[in-house]
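Presented below are the structures under discussion, each in the form of structure tokens.
The following pair of complexes shares a single chain, subunit A, combined with subunit B in the former and subunit C in the latter.
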Partner chain A sequence: MGSYIGRRILTGTLTIILAIIFSFLLIHLAPGNPVSILSGRDNPSPEMEAALIAKYGLDQSVFVQLGSYLKNIVQGDLGQSISNNRPVVEMIAERIGPTLLLSLTTAILSLLIGTALGIYCARSAGSKLDSALNGISYLFDAMPGFWLGMMLILLFASGLKLLPTAGMVDLRADYTGFAHYLDVLKHLILPGLTLTLISTPYFFRIARSSVIQVMSEDFVNTLRATGMKESRIFNKYVFKNAILPTVTVFGITLAYIFTGVAIIEIVFSWPGMGSFMLKAISSRDYPLLMGIYLILSVSVAVNMIIVDLLYAFIDPRIRYK
Partner chain B sequence: MRKSRGWLVLVLIVAVLAGCTNKPANSGNGEAGPGTSSAPSAAAGEGGVKEGGTLLVGLTGDPLSFNPDGTSDDFLYPIAQNIFGKLATINAKQEIIPDLAKSWEISDDGLIYTFHLNENVKWHNGKPFTSKDVKFTYEAIKKNSGLAVTSLGGIKDISLPDDNTVVFTLSEPDAAFLGYLAWYGTFILPEHIYSTGEWASGTSVNPVGTGPFKFTEYKTGVNISLEKNPDYYGQVPHVDKLIFSIITDPNTMVQSFYNGELDIYGGDPPASEFNVIASNPDYRMSTSLWPSRSYLLFNFEKEPFDKLEVRQAVAYAINNAEILTKAMKGQGQVAKNFVSPVYTWAVSDEYVVPSPNIDKAKRLLEQAGYLADKDGNYLNISLDIFQYDVYQDVATVVKDQLKKIGINVTINVSDYASWETQVVNEHKYQMSILGGYQGPDVGAIITRIGTGRPSNIMGYSNEELDQLLKEGSTLVKEEERALKYAEVQRILSEDLPIYPMIEYVGSNPVHAYVMGEPGSEEAVPYTSPSMYNYVWLNK
Partner chain C sequence: MEKVQNMQNVKNVQNTGNARSSRSPFKRMLHHIRSIYQLKIGVTILAALVIVAIFAPLIATHDPYLLGDELTAPPSGAHLLGTDGLGRDIFSMIVYGARTSLLIGVIAALISGVIGTLLGGIAGFYRGRIDKVLTEVNNIFLIMPTFFLILLVIALFGSSMFNVMLIIGLTSWVGNARLMRAQAMSLRERTFVLSSTAIGESRSKILFKHIIPNGIFPIIANTTMNISGAILTEAGLSFLGLGDPNVVSWGQIVFNGRSYLTSGWWISTFSGLTIVITVLAFYLVGDGLNRVLSPKLRANY
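Up next, the complex of A and B:
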């Protein structure tokens, strides 16, 4: 088990390093430079541009820049944002909370709802409800998140006036204490619902198909032949086998939600890393963008490691391989 | 059974969450919350100005820093106008009006500008503001390569006869000087803070200015809050609090505005919503013509636009009125002149853009040596634009219009940074679209058409034009300058390095209960376009 964990952590670290090098080169390959964007087109100032280029070492080759970047992150320094001139770590720290709140809430809700519905449908496979939910799952799966979000805003915010359109708090009311948490919850409903609706189908389909598959295996038929109750067969034998793919998918989906949350955050003006990332891309703010990529790749890698460990914990066959 | 009970719990949780949201959100002072949509009529305010309340204004992104003189920052600009002051400022009618300086004189030779400052002005922390702060600011802009460093390069000396007088001496006359000083990157900074702090970071996230509102809070991605400055030397704000709410998506912003979460939109609504807002009595929209225009630009270094006839053919093919209605949904104004019509004194009615004439356009293409193929096509070109607002729609209408004279257009859209590299730096394009501010003086057009200037992407060069632009900017009297700029317009109409399409008309929708907004009659003589000290809430 020890060497299994060690191997996982080693590959995870390697993945992160490769991801950093790859994304660093990729964003520097993209045309455009942060300094002339800062200077603007209306009344550009060559003096200002020259001063900034020297300050951020943008006149050096990409490989020299990559070298010093890697050296700095080993020392825990993610650098300064070029457009904001503030430490990247500080800027990300301000934004990561709302992103985690939204993505984790969504991940947990869609895991629970999707798996529960999937298992329920698998056990009554072929029924009207099963076909209906199956169809709906494809519908939401195919729906673009930003469009669904906008529709929900039109319905629940602009139309029914039940929920706020944007943001995380009611700026006019400026609640404190418990009322503040309720206010955040109220603002969380629409973006949370949007993300949950588009992420649930994954869990639904995985749970449904793996339950159906396990239910048709020989050992289940054997158990049935012994006269064991259907509910006992399911709870004791089928569930544990069928849940393995869901655990894997949860890891992948969590990574997907982390990155996919960006567009939903922009639609709902949720103050997470989404709009932040978009701004960093369009302004070619290399250090900030790299900081965000670093956080994303670390969280995806950590995620995968946890899933692998969980997997080994649930299924003893894995850890002996 | 157990599973269905789990479901019930989930449903209950959702129901409880939904239930919480039905409560009307009441703000502290008993005003109706954002959920209330009834808009009182404007007539309700006849009793006079109502003091107090919180004003919410939309903002499309986080400011880059809180140093208003550092870099070009569209997100800080509206905030800075309320926190800081400049010597003079520019109102919604593009007039230069007094701000920290109550008056000024310009010497006959145009070299000496004397500003008389308002007396007893205090910084937000209570320290007195003096002419020393003014001198410090201009020196700091120069030393740190601030945004305005290039346009203020003509300052030779700044002297301070007393605490309330500042005298600028220029190395040569510059008719645009006052405009640049009133425009952007010239907010007066407190010496007692900036002399020890770091320039680029704005010293801290706690800006201290002399403006009508004081900074209170910044939550990244959420809001910037200001409170009224009761010691302001001008009109003390009517509202107690001014909150900029950060909403990056324009579609969400417009829904937020409709939903009453914003009192003032804070900029231009998306073109698709322009008419919806304009025709709804619950909203009001004051508009103002800006010296900003969208224009087609041609690459002089590449075929086919190195040929004058081809540029002329395009000019005869384009129908600006159609672009305005189809692409801009009526938001803006048809461009007729080769300089911005804001500067009425400089506009020539003789040299204007030609009226559409398809036959003439085709003849010009033939004169240039192009022959029509069997489908009637003379040539294929590409139009490279960046993703911005309605540019894609404008490009589509242009493509359609050029098709009529036998020019096949391929539209390439990229993000700004890529476009900049390809078009601005490498000149790898044939035709493009650009807009942006061409003020604060008519002479600012030099940055776009002067030989070798940063925004002269065309690679266009005309010595006579350069000479005229130089003379136009060093003369002082408008009558004399107008003669030079008439010649500039003649040359532009002959050479056609650019083709002006649409004049930008700025708008800032407000709910009908918002009074005294920056574009309103009572506020225009005293405020710049995002200053909210005259605003009061009639509800």
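Up next, the complex of A and C:
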């Protein structure tokens, strides 16, 4: 178990390091000089230029530069946002709540729904329902999330006028307490639905193929030969074995879910990091964009490590390796 | 045994695959026809798209870049799918957009196919330390938020079509590398590879002459699927305002239609629908190819 966990922690750490190196390289390789990228201006003032050169050691060797870049990040300094002239970390901290709310809702719902449907379909593989759900899963997989979101807005908000389409709270009504949460929940429905619809197929297919694979293994035939009931075979032996891949996959899907969330936030003007990103892109706020990239890389890596620890805990085959 | 058969040449493998299935011959045949049927639909749609892309100037009813007088006009005889907020003809934009999306999708997928095949082939064939390093790199890319990396690169380096294709290709090879590695690992133990080693063929020659050509089938199917991934990524970038401003792309039309969602639903609806149909067609072909080329999938189904 030790070596397994050690390996996964290594992968997670390397992911973070690689993300830092990528953003460092981008600052230096992109057209224009590092100072103009870090300051976001073509002609930064001499004071600003001097400050940035001193902070990131830009007048020294590449290794010293990488070192001071790393040092700043480790100290939690992701630079200064250009458009707001505030520390990037502070701005992200303000926005991360709504993004996490949306991401977690999506992750949990699509994991549960996808896995449940996948298992159900696998047990009746080849049936009409199975083929239909399989087809639907490909259909939603093929949809750009933002387009699906816009279509849902057209349907539910503009056409049927049932649900709010923008923001996280009703700005005109100043709800407090329980009414506030209810309001947030109402605003969460459409973006949450969109994201769940586009993320569920992923878990659905993994659960389905995983169950089908375990069902075709020899030990299942042996159990059948003993006269054990199909339902008991499934509940007692197949389920545990089949559910494990879903857990591991959950560790690596966070990046995928974040990508969806970032774009869907824009569609629904959800006040998280995604809507922020759009502004950062149009105002060429590179430090902010890099900050978002780094924070997401760290979250993804940490999430993977946590899930893999959990996995080692659940699966005795790994625990005793 | 199963693995060995899997690697055998396609015709042989199809027979063994069928023989292992416990289904009735009729059901098997039905299934086989269905997978071919699926392939047929996909190929038909794709062929139509390619024709549209090639003959765009003949098919388009208007100049897609021409700003007309009728702003956000609903679909009509003059404008089949209506016009956008600047008076451009949506139908013609979609027709020209096929060029952008297909080109980006195909080139990006080819880049990722080549990188994946090489890295996976080297890792699986040479094994040892190089395999460990490459597998680690693969794991990292698997969990990395690549879309945000792509976005950052495009924001910094500019959103030309070339940059978009290149960076999507450079970041999406993980699946291909995994498939190729598995193929190479199983092929390297096969008798014909062992005998090539015995007669003194060089390692790199064996890799390129035997391992890659014999193991390439799953990568072909996967690359077809990757085309749709690349098209979706390009659409996502365009939606963030990071598409190439000099060419029309489907994602850009959807993006532009966002401000006119209630007053001009047709702008985003039809362009998005085109993306869905195209991506689905690539899925159908990729999945169909996978079933035809990989007997394991067919037997288990």
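Heads up, the rule we're going with is that the second predicted complex is superposed on the first by the 265 of 321 C-alpha atoms of A that agree within 3 Å, B and C clash if a C-alpha of one lies under 4 Å from a C-alpha of the other, contacts with A are read in each partner's own complex, and residues count from 1 in each chain.
We adopt the following convention: a residue touches a chain if its C-beta (ideal position, glycine included) is under 8 Å from a C-beta of that chain, and two chains touch if they have at least 3 such contacts.
Source: prediction; values computed, not measured.
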First, second, both or neither for A:I119, with subunit B first and subunit C second: first
First (subunit B), second (subunit C), both or neither touched by A:I21: neither
Partner chain(s) touched by A:L129 [first = subunit B, second = subunit C, both, neither]: neither
Which superposed partner A:S45 touches (first subunit B, second subunit C, both, neither): first
First (subunit B), second (subunit C), both or neither touched by A:N84: first
First, second, both or neither for A:S282, with subunit B first and subunit C second: both
Which of subunit B and subunit C A:F268 touches, first, second, both or neither: first
First (subunit B), second (subunit C), both or neither touched by A:A255: second
Contacts of A:D141 with subunit B and subunit C, given as first, second, both or neither: second
Shared contact residues on subunit A - subunit B and subunit C: 30-31, 37, 150, 153-154, 158, 266-267, 278, 281-282, 284
Sites on subunit B touched by subunit A in the complex: 3, 6-7, 10, 17-18, 20-22, 25-28, 33-35, 37, 54, 56, 61-62, 64-65, 71-72, 144-151, 184, 200-201, 219-223, 225, 243, 245-249, 251-253, 255-256, 258-259, 261, 415-418, 420-422, 424-425, 434, 436-438, 444, 447, 454-455
Complex interface listing, subunit A residues touching subunit C: 10-12, 14-15, 18-19, 22-23, 26, 30-31, 37, 125-126, 138-139, 141-147, 150-151, 153-154, 158, 212-213, 216, 251-252, 254-255, 258-259, 262-263, 266-267, 277-278, 281-282, 284, 286, 289-290, 292-293, 296-297, 300-301, 304
In the complex with subunit B, residue positions of subunit A that touch it: 30-33, 36-48, 50-52, 83-86, 91, 94-95, 98, 112-113, 116, 119-120, 150, 153-154, 157-158, 161-174, 182-183, 185-186, 189, 266-269, 271-272, 275-276, 278-279, 281-284
Of all residues in subunit C, those that touch subunit A in their complex: 136, 139-140, 142-149, 151-153, 155-158, 228, 232, 235-236, 239-242, 251, 254, 257-258, 261-262, 265, 268-269, 272, 275-276, 279-280, 283, 287, 300-301
